[in-house]
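Shared between the two complexes below is chain A, which pairs with chain B and chain C, respectively.
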Partner chain A sequence: MRRLPVYLLLDTSGSMRGERIEAVKNGLQVLVSKLRQDPFALESVHISIITFDREVKQLLPLTDLEHLQLPEIIPPESGPTNMGEALLMLCDQIDREIIRSTEEEKGDWRPLLFLMTDGKPSDLAKFREAVPRVKTKNFGAVVACAAGAEAVDSFLKELTDTVVHLDTADSSTLMSFFKWVSASIGTGNKSVGTAEEMVLPPPPAEVHLII
Partner chain B sequence: MSQVKEYTLALFGKYKITVAKHHAILLDAYVNDEATVAAYQSILKAQQTMLDLWKQKALVEDVKALHVVLPNGMAGKNYTFTFDFSKEPLSEIGDYELLVPEQTGLTFSKENHTISGTLAEQGEYVLTLQFQIKGSEQPMHSKEIRLIINPDPKSLWKKLNSDTTDPYWKPDAASAHVAFGSHTVVLASKRGRSHEHEGKFRDDGFDAYFNEETGWGVVAVADGAGSAKYSRKGSEIACQTAVDFFKTMDAKLFSAADTLVVSYIAEESEENQKKLSAFFLEHIGKAAFQAQGKIREEATANGADMRDYSTTLIFSFVKQFNSRFVTASFWVGDGGIGLYHQPKNEVAVLGTPDSGEFAGQTRFLTMSDIFADNAYVSRIRYKIVEDFTALVLMTDGITDPKFQTDANLNRVEKWNELWADLGGKNNDGCVVDFSASPELVEEQLMAWLDFWSPGNHDDRTIAILY
Partner chain C sequence: MSKTITVKSQEGKSYQFVDDGSPMQGGMKDVYFAPDRSYVVAFFRDKQDFNSKERLTNIVKNYRERIFNQAGGDYWKDLFCWPYDMVEYNGRTGIVVPTYQKHFFFQTGYNPSGNQISSIRGKEKEGKWFASAQFRSKSFKLHLDKSELGDWFKYFLVCIKISRAVRRMHSAGLAHSDLSYKNVLIDPSSGRAAIIDIDGLVVPGKFAPDVIGTPDFIAPEVMSTKHLGKTDPNRKLPSIATDRHALAVMIYMYLLYRHPLRGGKIHDTDPQKDEELGMGSKALFVEHPTDLSNRPKLNQVKPTHLPWADVNKIPYTICGPYLTDLFNKAFIDGLQNPSARPTADDWESALIKTVDLMQPCQNTMCDQKWFVFANTTKPVCPFCGTPYRGQLPVLNLYYKKPDGQFGLENQRLMVYNNQYLYPWHVNRSIFPNEKLTAEQVKPVGYFVFHGGKWQLINQTLTSLKDVSEDKEIPIGSAVELTEGKKILLSTEAGGRLIIVQLVAN
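After this line comes the complex of A and B, so read on.
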């Protein structure tokens, strides 16, 4: 069976503590529940969650929806936002986990990446090292989400053309973001030409596409 | 020293009471006094109670915090899970109940600590463990245990009609049969479940034509790209144009083809082969090129981009000569075309599928470089055989589930499996009986197309010449 690998990179730095992380957890719950109602997703979507704060962890290894159980996410009190290191880990995981087509094996669908932060990378050198590597991984879509007033779009723009900004990182806005993510994942398993970009569904009003 | 005295002295010490020397005898009498001993014993008892209560509270906390993971289930499937009560903290549980929501379809057996049954309704459920710690007289505590019952993907597919008012609408299913002289072509095409689910169109297309006078015929199948908005029209134009090219081809060219084939059959010389190759390259190539051109015209007329009509295309130009069957084909994209000979246990795959690094990536007729630098030449193959069982053209809706990989497409075992599958070796009770009337074969082939294959829900199109 062909897998549709979906990588979620989530900022869990100190500023995410409290209402924000609860909103993210609810959002993930809804994301997974919605995908479970989509028969194609249920048979193909595999999700991995990588969190980044001071530490970078693959909190959930690439797991199919059928067996997936969301892990607990607990942000630390404070500390840096090691987004660069998270992207480097992502590249390593992609190299390890993604199946590419060969004569003898059917490859995965092109992987999708959704990154969410309420700040900016603290490890800028690593971030700049990671960006070109991420670009070689041939993702079907890379969506970066800057949530809340302190989130900086410009760094995310270096990573991808698809940057969305949420004015507030409250639970209803994050929820609409995650619902949009689920709709976007639903488009990830269509056949496309070898070099073509995936066309994402239009984001809801609260989710601004940064041009 | 007695324990009572020891305790008393420690207590005095804590309250900074010193026993004067002249009170030594009084102290000895005091610690042996009945009331003192009773007080000491009640203190011990109270302490024990405090210790026990703490231990119980800690255990309750531990039970509540214990991460009990129930594997996810699937509606309609059997489910069994046994709790391990042999380790702390669960081993310290005394009286308990496990409340299982009825909608799950599960029941709990206290005897072997097992929940089991056939999972009923999909959903996210909470099972409640009401428990007491051994030896405790406190009221029951409760712990929530989550259980996810996934829906059966089969139950989730919706069947929504496509928009019949769309200018590019085409039927969600189509089939045909065409007499090809001594052979027959049956064609069957169905909208995939993934398209039905969203009320989208069938993007695949097919066409076939047989010229009674010349004995030449052409069969085509095409798969419009799921990501391109007008691909259903692209696949239709591609097939029709390829077929029309031969429909309208000058009669002289047909006789030229006949002459070349006959000479080649008579003498398989290099020169004859070259002449025949050149003929097929020219005319098959023209047909494909014209198909691309027609799509470009349509895109321009509609103010759209050529890419919106992205489609694959496989077609084969065929004729049965006295003792030989000739097929010359063109193939761009995924899917497959093979000339299968069951008794000889042979298959000739007429080309190579275009596949990318990831699933769903392929090349399309509509891409500008398909005809650049004579690149199309490698897409044209011809084959002359004495006998064959079937010439099969398929879109990837068939090849993905039935062949899985590009390498398998060249394995005759996989073709044997496909042929047996068509002949009834499947779980759906579908049989395509090629000795029946073409009408019936067409009907049977349509029924066969509904086969279930997890993750493979694309449009399916197959053309079989037999």
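After this line comes the complex of A and C, so read on.
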């Protein structure tokens, strides 16, 4: 049974303090509990959480839903948003954690990446170094979410064609993002259209999908 | 704030639904309950074009009537969750569908300690829960509670229901086109099943499908031609023939809790390409008798998938001779050759014949509780290894040929204590399906092991005769089953003769 690795890269910089980070935590909880009610996800989905602020941490190594326990997330008072470094860590973890298929053994499904930020990368040089590396990792889908008025789409568009812009970063819109993530992860066992490859479900009403 | 909205169908019938701002959602529809929850109104989020509306109109009217407005039509209400009207509201098209029946919602869901982690109580019993070994493995934290799982006999009943429903659609010229465990609800605790999501229905030559199916169930020819344009003559789209593939996969999965084509063979190191080949042009039965290259590699299988992933321990042949034959046709001969696939009717009859071969396991702790008698002199439960102890009567069925002689049928009846004898055992022109009359579903006799003897008690048979002793067996009396005993069940046309064989251990 192949695993479906899902990487969540979450902005935890100072601007996320307060309502936003609570919304993210809440969203993660809803995500996990929804996936735990989905037999397809229970069989394949593995989740990893990497947070970035001034520090970059893999709070949760790739773990299945049966054993997963959500980590505590505490954003710092202030400081830079080291998104570039987070992407570099992601690439390292991908190399370490993903089981690639060999002639002998089936490996993992292509991993999915969901990145959420309410700002922009502070470490632009590293960001630009990371983007081409991420692209070599053969992701099944990369979805970037820009939440709130200060979030800048243009950098994210360098990373992926699928940029979702949330006009506000309050709890209900952030929640709709996590619900969408859970629906996207679930598409693997949905009916497949005759027209073309359908990868993502339609985004929730509050979200603008920028292609 | 929730509000109740009234809508009218084209014919002026009115329906109501409650909008609380957060409808239930699937991939395509927003679904709202009626105030009394007896039906739902499901709105398509996308605008339906002329063709789609035309198709939906046909589904709720003509096709529905073809199936339901016939003698015995009521029977199908339990087997299909069929939309029965169409409405428009705020420019959106909706269908009115009966609410899923009560037994299709989890009552307990996860086992007690799993319920501490998460709960699926009240969620619908999507078939996938019961088609995967993991959810019945005690070493998986979120395994299903025993009360939800049913026993092996019940899965045969489930498969019979599904085959029968598919057979009915096909005989009305309709293809489901997206049969999968997502679109079939099952209740293994009672052996019931219902086909849902009928709005995608395909009519060959009239309405083309808009989906190619659900992974695990897509037919190989559809998978291997999906890159071609929709109008390309070589492109294969869902049809009755691909439904037959999906049905075979589903039956295999409900009886053996593993996928018939997902084994250890690697077709490509890219997982997506590997999937397309393994489910498409290079598809290979994991239990192919001579090509062993797709056998599951047990060192690569998660422990929670055992013992089911071990095809040597639990081979498909434990499903008995009739199903073995059909699995061979479906996954060997017919895998790449759609016309060789067994029909839904073939599955239904083979499953029914197999039910007559089932024996209860004598180990009261056995999870499966039943097994198929393997025509050996030393019957053993293949699941827990418990051998059968005592005398086991096997009834070989014969029928009267036009020349008056009795010929052997390819059919047997295994006897167990307190088992009933039904009209379809007595007369070969009666089949246990939706056409049975109320009278025909009643047992006509039963078998008991009493005072060290196996006996058949006659309840309602008017011409039961012990041929060996040349003696009538009147209603309310018994005939003992001894080795070689010949019993005529009925003197009517089609009436069967049984010859008893006793297997002793």
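A few points about this structure:
Keep this in mind: the second predicted complex is superposed on the first by the 199 of 211 C-alpha atoms of A that agree within 3 Å, B and C clash if a C-alpha of one lies under 4 Å from a C-alpha of the other, contacts with A are read in each partner's own complex, and residues count from 1 in each chain.
The definition used in the following text is that a residue touches a chain if its C-beta (ideal position, glycine included) is under 8 Å from a C-beta of that chain, and two chains touch if they have at least 3 such contacts.
Nothing here was measured: the structure is a model prediction, and the numbers come from that model.
When both complexes are overlaid on chain A, the residue A:Gln69 reaches chain B alone and has no touch with chain C. Using the contact criterion defined above for the overlaid structures, shared-chain residue A:Arg2 touches chain B and also reaches chain C.
When the two complexes are overlaid on their common chain A, residue A:Arg36 makes contact with chain B and with chain C alike. In the superposition on chain A, A:Ser44 contacts chain B only, with no contact to chain C. In the superposed model, A:Glu105 lies in contact with both chain B and chain C.
Once the two complexes are laid over each other on the shared chain, residue contacts for A:Lys135 go to neither chain B nor chain C. Touched by chain B in one complex and by chain C in the other are residues 1-2, 33, 36-37, 39-40, 42-43, 65-67, 100-110, 138, 140, 189-194 of chain A. The touching residues of chain B, when paired with chain A in their complex, are 69, 71-72, 74, 122, 124, 148, 150-151, 153-154, 156-157, 193-194, 197, 223, 225-227, 307, 310, 334, 355-364, 367, 396, 400, 404-407, 454-455, 457-458. Within the complex formed with chain A, the residues of chain C that make contact are 27, 45, 117-120, 123, 126, 128-129, 132, 134-135, 140-142, 178, 180, 182, 200, 208-216, 218, 230, 237, 264, 266, 268-272, 274, 297, 300-302, 305.
Against chain B, in their complex, chain A makes its touches with residues 1-2, 33, 36-40, 42-44, 65-69, 100-110, 138, 140, 189-194, 196, 198-199.
Partner chain C is touched in their complex by these residues of chain A: 1-2, 33, 36-37, 39-40, 42-43, 65-67, 100-110, 138, 140, 187-195, 201-202.
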